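For reference, the structures are reproduced in the following blocks.
In the two complexes below, subunit A is the common chain; its partner is subunit B in one and subunit C in the other.
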Partner chain A sequence: MAASEIAQRKQLLAVENLTKVFGTLKANDGVDFDIDEGEIHALLGENGAGKSTLVKMLFGTLQPDGGQILWRSKPQIITKPSFARQLGIGMVFQHFSLFDSLSVAENIALSLDASTPLSKVSEEAERVADKYGLSINAEAMVGDLSVGERQRVEIIRCLLQKPNLIILDEPTSVLTPQESDRLFETLETLRSEGKSILYISHKLDEVKRLCDRATVLRHGKVVGHCIPADETPSSLAAMMVGESIHTIRKVADETDKNREIVLSVQNLSQKPTGPFSTALKDISFDVPAGEVFGIAGVAGNGQFELFEAMSGERMQKDAAMITFRNDPIGHKSINERRKAGAAFSPEERFGHAAIATLSLADNILLSRHASDANVYLSGGILKIAKPSALRKTLSRIVETMDVRKSGENPDAGTLSGGNLQKVILGREFDRQPSLLIVDQPTWGVDAGAAARIRQSLIDLSKSGSAVVVISQDLDELLEMCGRIAVMSEGQMSEPQQASTVTRETLGLLMGGANAGQAA
Partner chain B sequence: MIRIQLEKRAQHSAIFSLTSPLIALAITATLGAIMFLLLGKSPTAALYSYFIEPLTDMWSIHELMIKAAPLILIATGLSICFLSNNWNIGAEGQFILGGIFGSALPILYPEFTGPMVLPLMLIMGIIGGAAYATIPAFLKAKFSTNEILSSLMLVYVAQLFLDWLVRGPWRNPEGFNFPESRTFHADAILPEIWFASGRAHWGFAFAIIIAVLMWFVLNKTLKGFEVRVLGLSPRAGRFAGFSENKMIYTAFIVAGGLAGLAGISEVSGAIGQLRPVISPGYGFTAIIVAFLGRLNPLGIIAAGLILALSYLGGEAAQISIGVSNKVSAVFQGLLLFSVLACDTLIHYKIKIVKTMRGKAAL
Partner chain C sequence: MTPEIAIAIFLTIATAATPLLIAALGELVVERSGVLNLGVEGMMVMGAVTGFGAAQITGSAYLGLLAAIICGALFSLLFGVLTLSLATNQVATGLSLTLLGLGASGMIGENFIGLPGIKLKAIEIPLLSDIPVIGRLLFAQDLIFYISILLTIAIWYFVFKTRAGLTLRSVGDNHTSAHALGINVLKVRYLAVMFGGACAGLAGAHLSLVYTPQWTENMTAGRGWIALALVVFASWRPLRIVAGAYLFGAVTIAQFHAQAQGVAIPSQLLSSLPYIATIIVLVLISTNKRMTMKNTPASLGKPFVPDR
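The block that comes next holds the complex of A and B.
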């Protein structure tokens, strides 16, 4: 954008000092930015940086706790999405809200005035589609469409409401590169018509290629405004992940090459297991005893699938794809892996690691009924649970992990996130596993509990166990890990030494650059 | 404008967990009274003959146990299904198949007598019901077919199959062309518990014993834990190393087997032969019993007795005040409706809010 144009640009939306607090977490802390007419503005940040919260406030699904939103220089309180649409704000969500068993036209009609006849909807939709190069057959069933086509339906639906500002939330996260290219052409056409676009992404090359300006968020705060064209992917990555200096604790002596390999993953590949699942592509790494091995990456790049593969919740095609202490375990179930000495802690606390409506003692039984059957079960094949033994373990965990709870054995759902996470991890520490795989150990956990959890993980590795930590928090990984590998689109980078790797390199790897480019 | 709003409770209410079945009974009785009033009958007399009269003499207490036995047996099996999130609606069909399988012995081999006949019949009844329940289980495990539809539709198949059998190949050769099988010989009849006082047969004893055993399994053993975990969260179940598919088969086979046992007990103990209709809808009523008993086998014993009363009351009211016996189906419907509605109170608070019609509402 040339200097003369900047002078005459017209501001469409401005956000001033916007703040949103959830409990003790400031999801948005004094956020400022503005969008002009005919601008593509990027909102850049890691997962958990506060992008979604900000957008939800703009679209009226959340109300800010402080600050204001200006629309064409007038303060507005956006109480609900319908009011946002009235103003002229449209939104295309990351996960689509379409009915598979209805046609494209029917899906679009659902969001329009009820009186519009279906034939007119198809006509309108096809007119808009042609104009913006969004070729689509209005009679087709949505269930038969590809992901890219479904996104086009969402965009057409949004455009039919004639918005001035279109918010796109991670639009390319589900698209192939070719589909992405077509999307960019559409967005550029829209820009040339004077429409504004708020483009949320963590993909640096896209932002650099497409966006006029960018606002970078980290931990709920704006860390900078920039013009992506003037930046390099590295400088953008540095802004996104932060450059704060911290001390790295060496966990184990890295020069000792004779340590036993505890976990070895060799050429692990796996097809996507569902519509929003990522394929795993040829992943290989070794974790020796005494190391904390970190796996970084933006959510949805295959970390969850890798966790399921390592835990045995999903078994492998080839037994040799995963080896645990020289034993191929690819065909072994999660409980067989546990009996051999492995332990797991998934990301999702409720509904995966624990069940909210069961007591804590029952939740201990959940992961340990097979590996510690002799302690918790009696009565031979009847397998009668022993509540007293479970409660004893619970009080041991509560003691060592400093869990705060009300009552002796409350339902898991009554604990705060941090305290429940201490129970979930404590349940595995208590077994002294020789391998522990944890996904997001401190996600949504307050700082005190997070520090305690990290210390416990380090202590476990010092005692000679191998620990694998999957996390989106680079600070956490750099603090704890010996080596860090990065997942991107189902592939894993070469592991990097945590003591020497820069955040910039990690940021680039997270954005999909390969190791050669990054180094 | 006033709007009624449900607000989720932070923790489920212990008071309402206990009282919601009672509130449901009270609502049912109130609605029932209104219904009788609309029919032009005295509500108090009608409710008396419906709910109190059947409990006033020994004979009808035996009848109550006869009706309660299949309800308790079936509902106990269904509790495993419903707790593990398997919606078996086809217990009626599994009941019928149990009756048919078990009856095969005395009908096809009437000359085979002795003490072995009855145990074999009961075992075959269990196998028949379990095998029939395996069909929707297989369809669900293999093809993710909705088990509500498949199990329900198999009920009609079973009903027509029974109808065909008793009119065709299994019709009593000495039965003057009535659509009935031959009557069972003495060794094939499930005996009464207290012969002197009434007709109640051993089916009721089976029901109580099995319900108590099932309570133990569900509440004290790892298997029961597995049932609940898989019902609450399949993903947490997988994390615990439990197999969803195995649970589908287990739940359906246990429920089908118990429905089959109820079926052959009813045929052998209460009817003594096969007829085109052997159940007044026990398999469906047992669904109400299971929920009224809060899917707890001990609660199911109490709920089974209450629902059995609604059958008896229907018959009594038909005689004493002359209302159609369809009224008992209405009562059962009202009861299920009220039970499900009252369960909302356990997890939600009811709030009445005054709202203004906003201009921005689109």
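The block that comes next holds the complex of A and C.
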């Protein structure tokens, strides 16, 4: 900040009264803010606050319905991404826009102008990569890279266009703490060269640490501009959410050795199940009744495969690899596991946990047709669904989980991510399962709904069930769990006590260090 | 076997393989852009009837070829408008295109049945065609044969070595990302679809102007489907399509020769050989998932609707 204050403040980009309407929803409602040269400016807001819509308008993939964009004090209509790039706006996407089947060099070539010969691209990319400490292999196929490496490719791709403004959309959501630190160093180098960065995030500590100024969005409106260094994380959070979020009541750490072991995984190994899948290597852990057990790790390190193995989507070589209340279930199907009292909630909401075009009541039947057949099905072998019973369950879930929806029994696809997740988890809570395994319970869910979901998970464990939470969100795990284990390249670390473990230790474990090195 | 017989056999194999090769190369470009056009059979048969008719009317086989190419491209444009601009289901639309092509060609060709055709003449390339054996094999063929070989090399170079080819592959791999980079996804796909249609039209004209210079209803006899299978067989790589096309061409010819020699195999079994070979090959290649996924255009068959 100091450097940019001494140099005269020079405005690079300004947005005035920008508005975008989708149907009846005002995704952006009269948004104003500006960015100076050599500034890292944060755009803070919850999921659904309108950050992505705003960015899409800046980058020309969406057209505003009102207001204007000023670039170096001149009004500009950004009709398409190529024009944004021509102005000097570069973008690193949240969900990477890379091409899996192409090489790193080919991916980079696509975003350069046609005058660069294909044979020169690798050379050029490696030069930029070295300058900013972003190591990559230009010949590798992108489909084989880790998430952190993919992000580096995205950043290099963006830098090669020599932008004056770089937009980063939730860049650290998929990185380990150490990878995030490296990213921050790169960003600080860029700032020192006079480049501006628009940093979109909902992580308050990052914003406070990195950003010179911040604009906070809520429900599509700017609720405030501030200097993050002068704020506390909780004052920033209050601006972002608009109310103070109640803190979660955590279970006391009881190290009662006599509690019944509900889930026991012993020496679970599994070969990769597809070309982009991770092998599971000798995983062992026990979860007693009353515990919330956390599984952390960067995406793609075997968490998905472990979930599939525990839920029975994929059966095990040896039945004893997974034991549920002293019963080896490795050879049992999903329905048999469910009937025995286990419940599962996968990461993907559509296509895995729920079907968008079916009503909520029908979606309840999907996960409970076997475990609660006597309640929901009639007619003996005909197995006719009982709509009245399903609706009754739905209204119970809606009430206990505070689901906001339009109509009595709408299609699952019409609900927002957070509300749908409440229904998906609610249908499992409603059974009072003795074991619940949930993958990414609050991914893409707004803060209010996330707090409610976490509280429900803790309440379930308090009532004597075992809960396994797989999540990439360390804060969430530290908040809820008794113990946390980390997955890295298909191996699981020793479980760590959540009350004593440091973020640094967890970060090192996520990066593949073994427990001895990390401690 | 004397060299003369070997040369004769190769020439007949080349004649059987050329239409498969051209139609499959065209479809490869279409599928590399992420569009699955199951209407190859229909576009081929339209090319066959148009080529035959235009040659009859003008008296020139070359004008027949030209007409077939234009007809194939226009016919595929119908598919393009439906699947790209109106985002209809590609599988259903492609199947309808085949049915439409078979029906329409039968109607157009009603008066052509039994007419003597105009055969495209072989072009002997001076000097080169005098080389023993090879000269006769490679340099004394018809124009479409030369086109098929040049087209293979050109498409290989285009897809893997040029910037435009890279753009084509990127659209087929991930159309959302390509759009975000500012690539006009629908334009790329329209061009690819029309190129595929032009190739299918040319392949059809080969049937009615070279292979059997006459018009009979339904004369493509499933070759469009073999061309589609060939693209998968070649795992979307142009040079492998040549191998596949000649292999299937050889199987077709082997069937005729076996019948002529009086081999005691039912003719129905022999004529089903190319399809059985296709199925075996599909099973074999699908066992290597990694290679398949590396080469398979990931957005194949998915409609692209740009953001609001």
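The working rule: the second predicted complex is superposed on the first by the 267 of 519 C-alpha atoms of A that agree within 3 Å, B and C clash if a C-alpha of one lies under 4 Å from a C-alpha of the other, contacts with A are read in each partner's own complex, and residues count from 1 in each chain.
The criterion applied here is as follows: a contact is a pair of C-beta atoms (placed from the backbone, for glycine too) under 8 Å apart; a residue touches a chain by one contact, two chains touch by 3 or more.
Everything quoted here is computed from the prediction, not taken from an experiment.
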Practice task
Answer with first, second, both or neither: which of subunit B and subunit C does A:114 touch in the superposed model?
Solution key: second
Practice task
Scan A:500 for contacts with subunit B and subunit C and give back first, second, both or neither.
Solution key: neither
Practice task
Tell me which partner A:82 touches in the superposition: subunit B (first), subunit C (second), both or neither.
Solution key: both
Exercise for the section: Scan A:99 for contacts with subunit B and subunit C and give back first, second, both or neither. Expected result: second
Exercise for the section: Would you sort A:143 into first (subunit B), second (subunit C), both or neither based on which partner it touches? Expected result: second
Problem - Which of subunit B and subunit C A:192 touches, first, second, both or neither - result: neither
Exercise for the section: Could you look at A:311 and tell me whether it touches subunit B, subunit C, both or neither (first, second, both, neither)? Expected result: first
Exercise for the section: Determine, under the contact definition given at the top, whether A:366 touches first (subunit B), second (subunit C), both, or neither. Expected result: first
Handout entry: Shared subunit A contacts, counted only where both subunit B and subunit C touch the same residue
Key = 80, 82
Exercise for the section: State the interface residues of subunit A toward subunit C in the complex, per the touch definition above. Expected result: 22, 56, 60-62, 80-82, 85, 91, 93, 97-102, 106, 109-111, 114, 118, 141, 143, 274-276
Problem - Touching residues on subunit C, where the partner in the complex is subunit A - result: 161-163, 166-167, 169-170, 173-174, 176-183, 289-290, 293-298, 307-308
Handout entry: Of all residues in subunit A, those that touch subunit B in their complex
Key = 79-80, 82-83, 86, 311, 313, 333-335, 338, 344, 346, 348, 351-355, 357-358, 362, 365-367, 369-370, 377, 379, 382-385, 411, 413-414
Problem - Contacting residues of subunit B [partner subunit A, same complex] - result: 10-12, 220-223, 225, 228-229, 232-233, 235-236, 238-241, 360-362
